[in-house]
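Should a chain be cited, it is by its letter among A, B, C and D, assigned in written order, with residues numbered from 1 in that chain.
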């Protein structure tokens, strides 16, 4: 019996003989001194859009939250369990990151589910339905716009949702205060799986533009 | 004014000229056909333990949830927002992954916080405190064991928490049913940042062992 | 007194010593045999988006209608003067073109005017207001969507309006009949002035994609 | 299936590697700052007489209306849709062009249709017939003059129609007022496809003369 999928074990061996070999000291230092990443990335679980891959980042660089559709719920100190809010709090308050990047991507299954008004719940708990309903106000802005194609509605909501999550981030007192003090900066980005293009949100206008074009 | 940290833009340019260049067709195919990852990895947000790095995995391989301390809450269809449960549901029900790996790591800040009974809340919302309390039953098993060193308590809870999350995974009907049918397999792993060692959980005994030893 | 702006005269002299010199025979032939362009392009008057420039086309290739926002009104045999419908009829019935391309572009002043609900008429006749009202059903689809940025609303309407004009083209019996017979093909394209990118409408989906990506 | 005629795609690629490459900054500037063309050209749709080609003009130089036979209808604020009047209004009122050039050409199909009194309507809507009837008063001046050859009648009407359109331009209050103030100048020109000659209208006499002769 195997205790880990063979593919993962093979990959791990590549890591050991490759990146770990090359950065042994860096890993030892990170273990000794602890992590102090400058950036929190809130990304999607999607297997095609890993932040470490897209930003070619090494150990210790990115503190990464990944949930379906890279959503940030509004501040709600209600004593419930909040995976994303807890990670946000840890990154901002304990690690004191300087940047927060909300990174969305094209062809997002979560966004697709949010736009599919006739979809049946995936399970009795319907966790996905509930989770994506976080985005309802944004979803309503495009879901019934039949002048746009399905792909246009999807891309539009993917981008609206990034701005929406950035707005929710600012409902957290610790984020708002530090941003106002200039000690924390918020960013938005959208990754196109097909072309590999990274569209960066213009902070002035909210539009997504390609770095080449900036 | 910059719209993305320069370091990330530089990394992105490396990605484009490197991995994306090398795998353009793969990305195009993944965009066209959608993702069908075989494995869901539930990992920690820690900047030193990215699954794609440790498993040297390419685009489309891993569907990744990352929250503080790679926790899985018990099944709770209570209509609340559950980031992790939603991602789990999506991976299992919509993407039909074959494997779920709960991957912890050494020197986990979340586990450290769970063991620090005198720590003050990081924020009025105390999201981290609430989040880590998911682990209370496990925490109680070691937190007051003064016969263990702090490092031993930490490592012990890191591993207990992985088994605990695997147990919570099985409270989700969809996971339990598919596992019983042999269509879904659960795994545990623990990464040692300092040595780069990946300790894999022996499914028979629950012990964590090094692959070389398997 | 000058009878033509000096800049135009200079440009004309360049044309004579350049392109005309190089294509004298072609011009003579086109004069002798008459024109038989294969393509009708319905484009905008915008000074930054001339079809002959963007398609690098020579004499005799493109029959070009240019009005504000490259609109096609619906078929209306009401005995009024219809500049666009007349040109369409001439291209399809008399010249028997094989292709019709509706070409829009970014930053279109006409589309901007359509979205500016508070704009005052430019003149007592308010010809622009009336003209852009041709697009009302499409405009309503985005004008009040405040979740999109102004630029997103503009781009979205620019693209919707191309599909809308293509739909209006099909209200002309001569277009519908020839298209059904496979003797006439309709296309949509959108030009990005800033990047020079030409986004081509996918006839299956209506989405605009870059040729590189097709 | 192709989404744009291959010939146009090829031409576009030439444009990108040629003129756009050479004028990237100019296009970026035109996108950023918007267009401010000095000249409005009212030209014919004819594939052999593109203003940008004949005047060898670059991006941002000419705001171009193109309809059959480069006609300008008289001012008629009747609430109907007027493609040409709308473009005229936009060029003069919004863009504040300094020059308006009505450019005709030899062998014009629209003029030929106007002179062919026995021609059957091209379609039930007979849009061309209606459109060319705008020129009736001018047409009547030559259509029955059997002392002129067909070619003479054609060329004569082509030139009369340019003066006629210039007269109609002056029925638009905004044009009349600005011309009287010396802030707008009107011009006429006629292009000979066969010889490439541009005949410019002498504003004093109304005659068409070759620049070399001016």
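What we mean here is this: contacts are C-beta pairs under 8 Å (C-beta built on N, C-alpha and C of every residue); 3 or more make two chains touch, one makes a residue touch a chain.
Per UniProt, the chains are A, B, C, D = Carbonic anhydrase.
Keep in mind the model is a prediction, meaning the values are calculated, not measured.
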If a chain touches chain A (Carbonic anhydrase) and chain B (Carbonic anhydrase) alike, it appears here: none
Type of chain A (Carbonic anhydrase):chain C (Carbonic anhydrase) copy interface by residue overlap (half), same or different: same
Chain whose average C-alpha position is farthest from chain D (Carbonic anhydrase)'s own: B
Where chain A (Carbonic anhydrase) and chain D (Carbonic anhydrase) are represented by their mean Cα positions, the distance between them in whole Å: 53
Chain A (Carbonic anhydrase) and chain C (Carbonic anhydrase): spacing of chain centres that average the CA atoms, whole Å: 40
Centroid distance [mean C-alpha coordinates] between chain D (Carbonic anhydrase) and chain C (Carbonic anhydrase), Å: 15
Per-residue overlap in chain B (Carbonic anhydrase), given as positions that touch at least 2 other chains: none
Chain-level touch network, classified as line, ring, star, complete or other: line
Touching pairs - complete list by chain label: A-B, A-C, C-D
Sites on chain C (Carbonic anhydrase) touched by chain D (Carbonic anhydrase) in the complex: 1, 3-5, 7-9, 11-12, 14-16, 18-20, 24, 27-28, 30-32, 34-35, 37-39, 45-48, 50, 52-57, 59-68, 71, 73, 75-77, 79-91, 93-95, 99, 101, 106-107, 109-110, 113, 122-128, 130-134, 172-174, 185, 187, 189, 192-194, 196, 198, 200-204, 209, 211, 214
Chain A (Carbonic anhydrase)-facing residues of chain C (Carbonic anhydrase), complex: 137-138, 141-142, 145-152, 156, 159-160, 163-164, 194-195, 205-207, 210, 212-213
